[in-house]
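Okay, so chain A shows up in both of these, paired with chain B first and chain C after.
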Partner chain A sequence: MIWWLRQSWTFAGALVLFVALFTLYNLLHPRGFSTAVLVQNANESVAITLLAMAQTLPVLMGGLDLSVGAVMTLTSCIASELLHGGPVEILLGMAVTLAAGAMFGFANGLIVVYGRIQPIIATLATGAIAIGLALLIRPKPGGNVDDDLNWALTNTVWDFADTYGLADGGDATWLQPFVNIPVPLILLFGVVVLVWMPFKRCVTGRTVYAIGSAEGAAFMSGLPIQRAKIAAFTLAGFLAGCGGLYLAIQTASGNADMVQAGAYTLNSIAAVVLGGTSLLGGTGGLVASLVGAFILRVISFYFRILDIDPLLQPLVEGLVLLAAVSVGAIHALRIKNRLELFR
Partner chain B sequence: MSALASIRPENKPLVIAAGFILLILLVGTAYTLATTGTAPLLQPAYLMQQLQIGAFLGICAAGMMLVILIGHIDLSIPWTLTAAAMVATAVGGGWAIPAAIAVGVAVGLVNGCGVAWLRIPSMIFTLGVDTVLRGLMVAQTGGFAPPDTATPLMLALAKDRVAGIPLALFVWVLVSLAVVLLLTRTTFGKALYAVGTRERAAYLSGIRNRAVVVGAFVGSAVCAALAGVLLAGYSAKAYQGMGNSYLLPAIAAVVLGGTHILGGRGRYAGTLLGVILIVLLNSVLSIMQMPEAFRQIIYGTVIVGMLLVYGRGNRVTA
Partner chain C sequence: MTAPIVELTGISKHFAGIRALEGVDFAARAGSIHAILGENGAGKSTLIKIIAGVLRPDRGEIRLAGAPVSFASPAQAGAAGIVCMFQELSLIPDLTVADNISIADPPRRFGLIDRRAQHRRAEELLARVRCEDVDPRAPLSSLSLSRRQMVEIAKALGRVPRVLILDEATSALTAKDVQTVYDLLGLLKADGVTSLFISHRMHEVEALCDTLSVFRNGRHVETFAKGSRSDADIVRLMIGREVEALFPPKPAPRLRDPLVTVRDLGWEDRLRGVSLNLGRGEILGLGGLDGQGQKELMLALFGVLRGVEGKVEIGGRQGMASSPASAKAGHTRIALVPEDRKTEGLMLSLSIADNLVAAAYDRICTGPLIDTAKAAKLVEEGMIALRIKAGSPQDAVSTLSGGNQQKVVIAKWLAVGPEVILLNDPTRGIDVGTKQEIYRLMRELADQGKAILFYSSDYAELIGCCDRVAVLYDGRVIRELTGEEITEEALVSASLNIGQAA
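Moving on to the complex of A and B:
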C-alpha cells in the first residue's frame, strides 16, 4: 500500500481531491444525495471522461492528440444519422460509428509512424479534416436518434431493464442491488475493464509506456514501437468514437461545432494532467484520467448549487485549473540540484 | 526530386513553402480567369489588402515562434490578444497602446514564471492563463462587446496607408525585423535555440534558462497584445472571442515555415512564408466560395501534405 502510494502519489492526490469535492458537493446540494442528481452528473461526465481516456494514450507516449475533440464531433455526427430504425440497424450504426473513430485514429497513427510527423502537429491538421467531414455529414445541428436508446442509456439500470423488458422489466430480485446505478457509469466501467485492462497488460500496451519513458531504450529492447504507436492512436480514436457515440445518444442529435470540439480537446488535456498522467509520458493511465475528468466536471457542478455569478464562472474555472496544476508542481521549487529540473 | 535533393536541408522548408505559395497563386488565378476572366490575385492592390489582414496573424506567429523555438507553446494567445484590445479601448487616449503592451508583458511574465519556476508544462499552464483571462474579461464586460471604440492612433495603424502601403504592414515589418535581429544578433536569440535544443546543456554552459523562458513568453504575449491593438483598430472596437481564430493558424504558420515543433530549429523567414501561405490559401478558398467543410479538409490536408514532404523527423534508432 505504502509502496503503491509512493509510486502514484499524484493519482492518489487526484482521487482524494475528487472524493472530497464530490462529497462536499452532495453535502451542499439543497436536496442532498439522490439518484436523480447522480444520474444527471454521470450523464454530463461521460463524453469528457471518454475523451480524457482517449487523450491519455498519446500522452503516455509523450505526445498529444489535438484531434480527439474533432473525432468525437465527427463520430457524433455519424451516429446522429444512423442510430434509428430496428435493433439490427441501431447496432450496425453503433458499430459503424465506433469503426469510424478507430479508423480515424488508425490514420493518425499511420501519419505519425510512417510520416514521422510530430503527433501534436499531425493531429492538429487531421483534426481540421475531421471537422470538415463532420460539417459535410451534418451541415446543420440535428439528428434522428432512437428515443428508447436515449432513455435507456442515460438513466439508471432499472430504467434500462424496464425499457428493453430485461430481468422482468427491472424487478427481478437479483437485479435489486444494482437498480440505482446510472447506466453511463457502467459503460465507463465496461470500457476500463474490457478495453483498457487487457490493453495495458499486453506487450503492445507495455510498449506504449516504454516509449513514453525512453523511446531509444524501448527500441533497443526490441519492443514493437511502430505497432504500439499505431495501436495507441487507433485506441484513442476508438475511445473518442465512444465519446461521440454517447454524446449523440445523450443529446439525440449531432452538431459539427468547431468551437465545442476545440474546447473538448483542451479540457481533455486538462483532465489528463489533473488525473496525474505526466505530459512527458511514461506514467499514469486511463483510470487516472477518468478521475481527472470527474474532478473537472464536479467543479462545474458547483456553479449550479452555489450562488456564484454566472459571469464569474470562467474566471473561477481557470483559477481552479491553475491552482490544481500549481499545487501538483510545487515540488519543483524544492529540488536542490537545479540540473535535475532540465532534460 | 534531384533538384530538391540538392537544396540544403535548412533551406528546404523555405523553397517548398515558396513553391506552394506560387502554386496557390497559379491555381487561384486559373480559377478566376476561367470563371470571371479577371485575375484579382495578381493585382498589387488585392495582395496589399490580403497582406494587411495577414499582418495580424503574422505578428502573432512571430511571437509564437519565440516560444516554439524553446520547445514550449503559448495557448494563451487568443485571450491575451482580446484582453489587450479591450484594455486599450477602455483606457483610450494616448495611453491606450502602452496599456495594451503592459497587459502583454504582465501575461508573459505570469506564463513564463509558471513554466520556468513551477515547471508546469506550457501546454497546460498557458491554457489555464487563457481561461483566467477570458474569465476576467467576461466578468469585466458582462460577456458583451465593450462599448468603447478604438483610439484614432489605433484606427490609423490598422487602416491607414502611406504611399499605398498599409501601416499595419509596416508594423508587421518592424516586428519581423526586431525578431530577426533578436534571433540572429543577440545572445538571447542564441540562448533560445540552445534551450530549445537541449535544456541541460544550455544550463551547464551558463545560460540562465529561466530568464530565457520568461523572455520568450513575454515576447509572445507582447506580440499578441500588439496584434490585439491592430485588430481592435481594424474593426474599430474590441469584442469577445476576437482572438479565437489566431491560435491554430499561428502555430501552423510557424511549423509550415520549418520551425521544429519541439524547439531548437527554425528560421524567421520560414515563419514569414508560412503566414503568407496560410493567408493566400484562405483568400483563394474564399474567392472560390468553398464551403467551410471543404476549407477545413483542404487546410488539414495541406498541412499534413507539406510536412510529409519536409517536416519528417528522424527514425528512432537508439
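Moving on to the complex of A and C:
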C-alpha cells in the first residue's frame, strides 16, 4: 500500500481532488446528496469515463489513440439501429455493437504493428473512417432503442429490478442495501473488475506496461511485444464500443456528430492525464483515468449550480487541467543528469 | 575434460562494413566459469549477443550441447537455457521487483498472474542472492543501481539457466554483493551450470574463473586455463599489435600553468573525488575502461549534471558552469564534442549549415535577427577548416559519412571560439583518414593555446595524441602518466587496477 501510494501519488492526488470537488458540489447543490442528483451525474459521466479508459491503453504504451471518439460515435450509431425487439435481438445487438468496437481497435493494432505507423497518425486516419461509416449508417440523428432498456440502465438498481421484474420487483430484502446505487456506476465497476483486472494480471497486460516503460528491456526479456500492442488497441476499441453502446442507450438514439467525436477524444486524453497516467507510458491505469474523467465531469456540473456564464466553462476546465498536469511535472526537478530529461 | 556445452564455429558478424567478429571458434565446457577478456571493441559484447539470440551471425554455426541451434530472439535462447544479464539492464523501471523477476514467465492461475505466488517466488530468489532487504512490491525505479543489478541476477536465476552470461554484471555491486555473486556462481558450477563471465576487473577473474579466453579485434586469440599465463602475458595478448604512426609529433613535455583545475569532484556514485589539472596548449587524455566516470566528468564540467560536489577553477575563476548555455558563453568558453553524435551532437534532419551555426548564434546575429551573410561566412570557414566533404552546405547532415558528420560536430563547437575543448571519444566509428585529420587538428588547437581534455576508448590514440593521461577507475583518477610513461602496458594495467605490470 505504501509503495502503491508512493508510486501513484498523482493518482492519490486526483482521488482527493475528485472527492473534494464532488463533496463541495453536493453541499452547494439545492438537492445535494440525493439519489436523483447522483443518478443524473452518473449517467452523464459514463461515456467519457469509458472513453478515458479506452484512451488509457495506448497511452500506457507511450502512444495516443485519436480514434476513440469516432469509434464511440460509430458504435452508438450501430446500436441505435439494433437495440430493439425481443430480448435475444437486443442482446445480439449489444454483442454486435461491442464486437464492432473491438474489431475497429484490432484493425488499429494491426496497422500500428505491421504497418509500422505511429499510433497517433494511424488512428487519425482510422478515426475519420469510423466517422464516415457512422454517417453511412445514420445520415440523420435518430434511432430506435428499446424504452425499457433505456429506463433500466439510466436509473437506480431498484428501477432496473422493477423494470425487468427481478428480485420481487426490487423489493427483496437482500437487495435493499443496493437499491439506491445508479446502474451506470455498476456498469463501470463491472468493466473494471471483469475486463481491466484480468487484463492487468495477464502477461499481455503486463507487457503493455513494459512497452511504455522500456521497450528495449521488454524485448530483451522476451516479452510478446506485438501481441500486447494489438491486444491493447483491441481492448481500447472494445471500451470505446462500450461507450458508444451506453451513449446510444442513454440518448435512445445515434448521431454521427464529428464535432462531438473530436471533443470526446480530446477530453479522453485530458482525463487520462488528470488521473495520473504518464503520456510517456509505463505508469498509470484504467482506474486512474476513471477518476480523471469524473473530475472533468464534476467541473462541468459546477456551472449549472453556480450561475456562471457558460462561456467560461472551457477556460476554467483548461486552467484546472493545466494545474493538475503541472503537479505531475515536478519530478523533472529531481533528475540529476539533465541529458536524461530529453530521453 | 567434459564436452562443450556451447560451441561456436566460424562465427562472423559485420556492422555496416565494420568487422565486429571474424571467423571465431569458441567453446565453453559444462560446469565451468569461463572469463572472456579483451579491450574495448574486441568483440566481446557482439559474441555474447550472438550466443544470447540478440544478434544473428552473418556466418558460422552455434551448437548447444552438441545440437546446432539458431536463435531468432532472446526469448528463444532463454527457453533453451541460455540466460544473459546485459550491461544495460534488461529490467523495466515502472514495474515492481516481483513483476520484473518473473517477467518472462510468471506463475499463473487460471491464466492470470498469481500475484501471491509471484511474490513468494521473488522472495525466494532474492533470498538466494541475499537481498532479503529488497521489498518485492517496491517499484524497480526506487532501487539503487547496485540493488537493481542484484534483482537482475535474481531474475536470471529464476529462469533456471544452463548457460549464464554475466556481462559486467558486477560493475555496480558493493563488495558484499560481489562476494554473494561469487558464492552463487560456485554453487551453480557444482550444479553443472556454465557461466560466461565478462569483467574488466582482473582480480575478479582471478578469483572466480577456471578458464580464460582472450579476444582482440574481433578474433579469438587464445583460450587457456587459469594460472597458465601471467598477468603481463594476458595484457600482451589483449594488446597484440604495434602502434601505427598515425599521429603528429608531440612537443617536449613541460610544466604548464593550469587553465582548468578540478579538485575532489563528486557526483552520485559515478564520480568519487576526481582531481586533475589541465594547462593551456595541453592535450590531457582520459584513460581507463568504459564507464569509469570519464563521460560524467565531461558532463559535469559542461554544466549538464545537477548536484556536482567539489571545486572547479576555470581561467582563474571559481565555480563550474550551471548549464551548457553558460559553459559555452562563460568568460572562458567551453565546448563539448559529445559521445553520441547522432543524438547529442547533431540534428540529423537539418542541413550542414544549420548544424554548423547551431551553437554560435550569438556570433551571427544582428540584434534579434540572424544575419545570413555572417552565417554563410561562418559555415564556409568551418567547412574549409575541417575539410568537410559535401555537395552543398544545404544538404541534410544525415547524408554525410560518419567521419564527415563528426567533422561537422567539431566545426560547430570550434565556431563558438572555445578555450577549453572536451572531446568524448571523437573518433569512434569513423575511418582512419578522418581520424588522422582529427589528431592533427587537436594538436593544432593545442598549439594555439587551447586546453584539450580527450577521452578515448582506444589506447593507441591516447598514446599517440596526449601529453599526459589520467587513468580513471571507479570514479577516481588512479594514475597519471606523462610523456614516455604513456605505454599500452601502463594504460591497460592501470585500467584494470592490477599494479605496474610487465
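Simple rule for what comes next: the second predicted complex is superposed on the first by the 329 of 343 C-alpha atoms of A that agree within 3 Å, B and C clash if a C-alpha of one lies under 4 Å from a C-alpha of the other, contacts with A are read in each partner's own complex, and residues count from 1 in each chain.
The rule is simple: contacts are C-beta pairs under 8 Å (C-beta built on N, C-alpha and C of every residue); 3 or more make two chains touch, one makes a residue touch a chain.
Remember, predicted model here, so these are calculated numbers, not experimental data.
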So, A:Gly212: does it touch chain B (first), chain C (second), both, or neither?
second
Just chain B (first), just chain C (second), both, or neither: which does A:Leu306 touch?
neither
For A:Pro314 in the superposed arrangement: first (chain B), second (chain C), both or neither?
first
Does chain B (first) or chain C (second) touch A:Thr283, or do both, or does neither?
second
Would you check which partner chain A:Ala20 touches, where first means chain B only, second means chain C only, and both and neither mean what they say?
neither
If you stack the two complexes on chain A, which partner ends up touching A:Met220: first (chain B), second (chain C), both, or neither?
both
Classify the contacts of A:Val193 with the two partner chains as first (chain B alone), second (chain C alone), both, or neither.
neither
Thinking of the overlay built on chain A, is A:Ala263 touched by chain B (first), by chain C (second), by both, or by neither?
neither
Return first, second, both or neither, reflecting whether A:Val203 touches chain B, chain C, both chains, or no partner chain.
second
Which partner, chain B or chain C, touches more chain A residues:
B
Which chain A residues lie in the overlap of the chain B contact set and the chain C contact set?
216, 219-220, 338-339
Tell me, which parts of chain B touch chain A in their complex?
75, 114, 117-121, 123-125, 127-136, 138-139, 142-143, 198-200, 202-204, 209, 244, 248, 251-252, 255, 260-262, 291-301, 303-304, 307-308, 311-318
Residue ranges of chain A in contact with chain C within the complex:
3-4, 6-7, 198, 201-203, 206, 209-210, 212-214, 216-223, 282-283, 335-339
Mind listing the chain C positions that touch chain A in their complex?
54, 73-76, 78-79, 86, 88-96, 99, 103-104, 106, 108, 111-113, 115, 135, 137-139, 142, 267-268, 296, 299, 304-307, 323, 344
For chain A, which residues are in contact with chain B within the complex?
64, 111, 115-118, 120-122, 124-136, 139, 215-216, 219-220, 225, 258-259, 266, 269-270, 273, 279-280, 309, 311-319, 321-322, 325-326, 329-330, 332-333, 338-339, 341-343
